[in-house]
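Data block below; observations after.
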Amino acid sequence: QNTISNLPRKETLIVENPEGTIKNAGWFNIWAINAGGQSTGLHQLGMDTFWYIDPQKGVDGVWDNSLASEKPIYNADFTEMTVKLRKGIFWSDGVEFSAADIVYTIQTHMKTNGLRWSAPVQVNVAEVSAPDDGTVVFKLKKPNSRFHALFTVRWNAMWMMPKHVFEKVADPLKFDFNPPVTLGAYTLNSFDPNGKWFIWQKRPDWQRTTVARFGEPGPKYVAYVDPGPPDKRVIAQLNHELDIIHDVSPEGMFTLAKQSKTSHGWFKGFPYAHPDPTLPAVVLNAQNDMFKSRDVRWALALLIDIKAVSMASYRGAATISAIGVPPTGSAPEVYHAPLESWLQAFEIDTGKRKIKPYDPTIGKQIADSLRPSLGDQIPVSADDIAKSFGRGWWKPNPQAAAELLERGGFAKKGDKWFMPDGKPFAIKLMVEGEGRPVMTRAGSMIAQQWRQFGIDASTVVAQGSMIDRRQAGDFEAMITWSVETWGGHPDLSFFLDSWHSQFVAQPGKPQPPRNWQRWSNPALDKIIEQVRQTGFDDPKGLDLNREYVKLVVQEMPTIPLMSYNVFTVMDDTYWTGYPNAAAAPYTDPVPNWANTKYMMVKLKPKP
Amino acid sequence: MSALLEVEDVSRVYRTGGLFAARRVTAVDGVSLQLEAGRPEILTVVGESGSGKTTLARMILGMVPPSTGAIRFKGKDLADIRGSRARLAFMKEVQPVFQNPFEAFNPMKRLDRYLFATARRMAGVEGEAAIRDAADGALKEVGLSLAEVRGRYPHELSGGQLQRVAIARALISKPALLVADEPVSMIDASLRASIVNLLRGLRERRGVSIIYITHDLATAYYVSDRILIMRHGKVVESGEARAVLDDPQHPYSQLLKSSVLSPEVPPTGAAFHA
Amino acid sequence: MSEPVLTVSGLRAWYRTSAYGVSREVRAVDDISLSIAAGEIYGLAGESSSGKTTLIKTIANAIQPPLEVLAGSVVFRFGDRPVDIHRISREALGKIRWKHLSYIMQGSMNVLNPVRRVRHTFFDFAFRHIGRPKPEFLQVVRDHLQRLHLAPDVLDAFPHQLSGGMRQRVTIALATVCRPEFIIADEPTTALDVVVQKGVLAMIHEIQRELGSSIIFVTHDMAVHANLTDRLGIMYAGRLVEEGRTADIFRAPRHPYTAHLIASLPRLGDTAPKKGLDGAPPNLADPPPGCRFHPRCPRASDICRREAPPMAELSPGHRAACFHPEPERPA
Amino acid sequence: MGRILIDLLRFNRQFAVGLVLLAIVLGFALLSFFSPYPPNDSFVVPPDVPPSWAYPMGTTSRGQDLFWLLTFSIRNTLLFGVTVALISRLLALVIGLVAGYCGGLVDRALMSINDTFIVIPLFPILVLFYFVMKDHMSWGLLALMMACLGWAYDARLIRSVALSLRTREFTETGIFSGMSMRQILVEEHLPYVLPIVFSTTMNNINWSIGLEVTLSVLGFTDINTPTIGVLIYWANQHTALVAGIWWWIFFPVLLVILAFIGLFLLAVSMNEYIDPRSRLGRSGG
Amino acid sequence: MTGYPLYLLTRLGQFALVVFIGINIAFIVTHATPIDPVEQSIAAATQFGSTSPEAIALMRQSLKELYGLEGSLGDQYVSFWSRVATGDFGPSLSAFPTPVSTLIGRALPWTVALLVVSTLLTWVLGNLLGGLAGYYRRSKALRFAGILAMTFHPIPYYIVAFLLLIVFGYLWPVLPISGGYKMNMTRDWSWEFIGSVAAHAILPVLSLALVGLGGWFMGMRSLVSNIVTEDYVAYAELGGVERRRILGSYVMRNALVPQVTGLAMSLGSIFNGAIITEQVFGYPGVGTLLVSAVHVGDYSLVLGITTVSIVAVSVAVLLIDLAYPLLDPRVKAR
């Protein structure tokens, strides 16, 4: 039966909003921090800003000038950035968008504390001005070669406010912006006060928005819903009441693939999932004495059998990575492939001997082991295998691990390992639990492998408290990611800049995001400082980034595992034209990303 | 000569009825009486049903505090008997027989428990065998035996049997004062005679004072030293039992006496046949 | 005499338990036969625990599991057809109860529902049978209570607000308000003072006379028997030992136990000690062989120890179970 | 004692069936001591195999033999439920009976404490407790915590019965027989509240197991101790219900039901046994 | 002053004390949690983007000010009580600046409606069944019904809910499985809307009832098994009182006191919401609100919800105590 009333199902796209139930549904002021929902369609369909970088190939290249008509223009020492604006863009209430809106947005953030982008604006911007209606100039407080990132959408970016609406409001922090005046091709149609669903409808003047360059958005209505637990998402799609599932368990994906002819993922067959530009890893808390030694970190890596981890977490549907860059978007071409030979030659000294830990065939081994049960779903060409399952990883080597540990004064008594101080070698491996089931599974497999070696390892579910504990460094080891990239663009400063030792917090104090391992290294600091002097698209940057990759292979501050694969499942019953790996990699399918707006122009009703 | 029990102008008010429209019932209204220590006697309380006899008994037993007035046992005000040791000492000397034998024992529990407990705790008997003997002895006095009672539950005994068990239990601790609320109402005449004799024997041989509540004026006449006639919570007449019953002064006492049915078959047929 | 309303023949009802480590057989009613005519008040007296309540329960078919009827029948005759109360259906029994046959249990102060006002209890028990509209029904009840010297406001009371005696009277009212043809009453007046008791008895008698009902009346108070009942049965240790017209029994008891009972009756003004019976009452779980009274009987002989004496008619309407009855005394 | 048991078995079918059911479940739980696999290790057998001779209860998507895994889970879960129930029963009984018996000030004071526990909302407290305890959160602590939070409601029930028991005459007989307060509470009043205690015990076991599952489903659990909750947690993470791995849910639930019905039948028959009026009645008829 | 008024007064005092202590405990516990609403907000706001560490430090400072978390715990305690005294729980920290009372007010009607209906339904059915089964002990059908109720009782609620969902939402898709009403409906008192609300409530109510039935059933059954042996029941049977009436007015009526107490308390505690129901069926309500508030350390919201719940349960307990003499005439106002 129909879950939607009064709207033709055929003209409506129903999408999962992974935020779930929105506590404060009637709040659309996205500039107030977390006051309402974001991926309710609000930032996908209603917002806009200067630039978008696509995690995949993009509709028209990875880089898209959205509100801006050109790429950012920096001065030589990166203290000034000029933006040229696109003409003929209108707000949904008919007012024309202009540089005044930008200036208003920036100035409001400069003078109001506590707006979502107040802090980065206040830290960076000395002055903003609009020399003419189509140009905005930012004067920066200090050089910043990546300042444009603030306005470049990866998942989101700083969105532009309608001046004519907000200037009438006394306090922009206390204004609910309901109904929202949008720059995107859609406006709010209706929403559930209890936050279960939001329905957007195509603007009649969609042509006066930035996506119009790519054609008319397909769905007349888009509903963002809270579909409940994973099982229910599967049921909903089997009933064709949920066109895009944001994420589901691997098993849910397999079920849908088996039971529904119309459901499919990013890859046509196994492993289905879209590899997110994030890199789950075993993050070892470098401020813990246990993990201060590189030998210990390497020993722990050599105890992991990545094939088993891939099976346990994704049932094999994982894209593994031995290096500190997620194997997705442009990375395989820019990092994984070129570094392959270096990896194969890479050696470590266990104290007793030198070993070459890299096994380039592991991706293939995973594919081979799955082929008997999945048959022709599993690709055969080396290239396809590398894309789907990754390339190589570290070959399990307990012998070498033991040697490394012994060199550091660890000793095995009976079948248990003890630390140099005589205490049992025990590791609590923190996992997030329900929030990231697949990572939880990976963690429990890794703990099991360590346990089998004689380390007293156990998993700790930090349901709910994960964020605080990660921030405070209140963990020994943890499955999470501290590496996150643009995906489509190979620049790594997105995460790398915050790995600089200047930002490592004292034990117990909150650590700013990214460098959760609290690891610092002079060589890394040098790399980062050089990157800061290099432009975003400068090819010199790539070399620096590769040096980072080699450094972290040697040092192993975190043990990279795989990309975070998102099982986004799309149903063709009412709509076609979804992105996919083979024929249409124009964007990632994950519907909470703001670049979903590109998907709208590609979707067509099923004939 | 000191007093064993002094009841001084006690009253007891109960509140009944709904939440707000409470009604007050004066169950006992200014009753006084006194029992001397050195001179054990059987004091009979008779009266209309609902006249407060049971309430009076419960006050004497310290189960219900009087609303006004005071009760002293051996010079000590019952209100001052606090703490379990003092209570225990008091209970060793004052024992009850409750009016309704069907309610007096826990239906879930074997009867012998009460006997054994009383023997152990109240009479201080020690040793299994001695305790059994004490219980058996007391039961024999009321025409039962431990063999009959042992291991049985209250619902397995007849009303009269229960009443006798209750009496036997009270006797085990050899109290100084026995408060017996209609103890023989469900017992046949023959046994009743035995028990009444027993009460009398207790007074004579063991010096037990007894407050005996009954509707049976004939046994009252026979057994008691003094009598108290109650109506509507008040004592309407009291005095030496035989004197009062022979020649009641108060109209209610007279009515009471005249209402006693005689166990003779009236010559003209049954009393109501007329 | 017309057909008896109640005929009990060869009734045997024992308590038999054998479970959970307890195994016992109490022969509370052992081979009893009697019959009661219409309009007759039949008294039942006897030693405490001699089985009166059990007999009455069996007659009223208030049998709960450990009690078992092993033999005999209880036949009532309401109207023209005889019914064996142990062999009719539940529904049929339900129709008889209270309309024709009502029962006042021993310990009747405890039989009222503690959370139900007396008024509703009357509705539950009697409304169907009286078949009048509510106000009229209540009027009937009120009038009836009046006769028992109960104020009409007891109807609005909860049982615990009444004294023992009041509750007992309520139960009596409950059992008589439908004016049944047969009333079974087990010690209904034990908690009443003599004044009230006299009134209650008068009321019972009046109803009985008005309706020609029959009554079985159990009490230890021989004075009540003397004044109320027409005929009297005396029980001892599960058996009926003597039966006859009340006057006859009082005047000339034939069974030694009865003789003793009558002799030990207290009279107002007695000062000489009455003697109780020597020896202990028999244990019904293990009754003495032969005549159950023989261990305490002054007249016992060998045969009494061996054989159980049958009920025999010693003079017209006067039966006793004794090999050596007391001599007949002329009126 | 033996006699009683035999008689109970003979005369009370419910008791016999209940005992058999419980014996099955307990026996099953005891098998955990003979398990060939450590309970936390995964991928020791092929995953997703339906029940078969080799794997009588099938295998989970984590490659665990459900049969052996379940022996641990049911053992821990039952132990958990029983621990919570026992501790909280003790509290509820003592406080309920004492409050009802003593009345007056004691009652007022105890009931104030009691009510405070009743009104404290359970869920946030448990979750916050979990947050505070972090890695130290264990099965035992959770049990203790739940026992402390789970008695108040039943104490009130017990008190309400105890209040009226206090006014019964047999209590007075007990007092005048020299029984101590403890004796009266334990021997005289306890049998009356036992049926309630039985039923609340079962409800309490059920409640605690259910809450453990709920917390697990929500992710607040110590996944290193196999329990039914953890089992369901994992099943849930693998969307077992829609993936068709029904046995992963079916067998745990079946065992819980068996245990529970067993307890229920025992409680029912014990209720009958406690009251001699119905006990002696049964064997007669 | 004596008797009932005195009792009333002291009981009201006890009520106030319990509420006070309860709320204090809630305050202490919520503030003892390591979850910091500011860090949660920062994490959520920067989750997918890249924000420089300097910016984060600045953000932390301004959020602390904005949320009013600057003062000591003592100051917060004082300001909490001064607000609560006026019935105001302040702004939610995780949906700043929306008042907590607005958020609760939006969710509460759904919770109350769903849980009152299912609690009452379950209570009535469970007690009826338990009473019948306890009274007609030999009835095969009732025994079976009892076993059935007891079979559902121990199944983890989550599973029952999901099974229902699979059966009625997928295998035989006749009932809606998500939300409180159809999407895009106007919320008014039209029949269409009411019908939709009713249809959406069927599965949640059914699941709650299936699981909850056993508890009441068992409670009633064991209470009844005590009561049927009482004299007044036997006497009513002898009196030929209809069995229905005996069951209702004699047996079950006497067992009612504890059951009504239980009902009152369950009704009082519905203000905590039905977390799993809300999750599984995507039903709107306080439970989800509470869970999310606990997760993100939104003290104001947690305290708001718990305070409502504490007061509700206390009122229920108070009412029950005051009504006791009505329920059981033997119990006098003490």
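So that you can tell them apart, the chains are marked A, B, C, D and E in the order they are listed, and the count of residues begins at 1 in each.
Keep this in mind: a residue touches a chain if its C-beta (ideal position, glycine included) is under 8 Å from a C-beta of that chain, and two chains touch if they have at least 3 such contacts.
Just so we're clear, the structure is a prediction, and the values are computed from it rather than from any experiment.
Chains that touch both chain A and chain E are the following: D. More C-beta pairs touch across one of A-D and B-C than the other; that pair is B-C.
Look at the CA centroids: the one farthest from the centroid of chain B belongs to A. The centroid of the Cα atoms in chain C and the matching centroid in chain E are 56 Å apart.
Separating the centre of chain A from that of chain C, both taken as means of CA atoms, is a distance of 92 Å. Computed from the mean C-alpha positions, the centre of chain B lies at a distance of 53 Å from the centre of chain E. Each chain gets a centre from the mean of its Cα atoms; for chain B and chain D, those two points are 48 Å apart. The multi-chain contact residues of chain D, meaning those touching 2 or more other chains, are 127, 131, 134, 192, 218, 236, 241-242, 275, 277, 280.
Within chain E, residues 34-35, 162, 166, 229, 231, 279, 294, 328, 330 each touch two or more of the remaining chains.
In chain C, the residues that touch at least two other chains are 15, 22, 64, 66, 107, 110, 161.
Across the complex, chain A is touched by residues 40-43, 61-62, 127, 130-131, 134-135, 218-224, 236-245 of chain D. Residue ranges on chain D touching chain B, taken from their complex, read 168-170, 172-181, 183, 187-188, 191-192, 274-277, 280.
Listed in rising order, the residues of chain C touching chain B in the complex are 15, 22, 26, 45-49, 53, 66, 106-107, 109-110, 161-166, 187, 190-198, 201-202, 205-206, 220-224, 226-230, 246-247, 250-251, 260-262, 264-271, 273-277, 280-281, 283, 285. Residue ranges on chain A touching chain E, taken from their complex, read 1-7, 20-21, 23-24, 27, 32-36, 113-114, 116, 118-120, 122-124, 149, 154-157, 173-174, 189-190, 192-197, 199, 223, 225-229, 231-232, 235-236, 238-239, 464-465, 467-469, 471-472, 474, 484, 493-495, 497-498, 502-503, 510, 512-514, 593.
Here chain D touches chain E in the complex through residues 103-104, 107-108, 111-112, 115-116, 118-125, 127-129, 131-132, 134, 153, 156-157, 160-161, 163-164, 167, 192, 195-196, 198-200, 202-203, 206, 209-210, 213-214, 217-218, 228-229, 232, 236, 241-242, 249, 253, 256-257, 259-261, 264, 267-268, 271-272, 275, 277-278, going by the rule given at the top.
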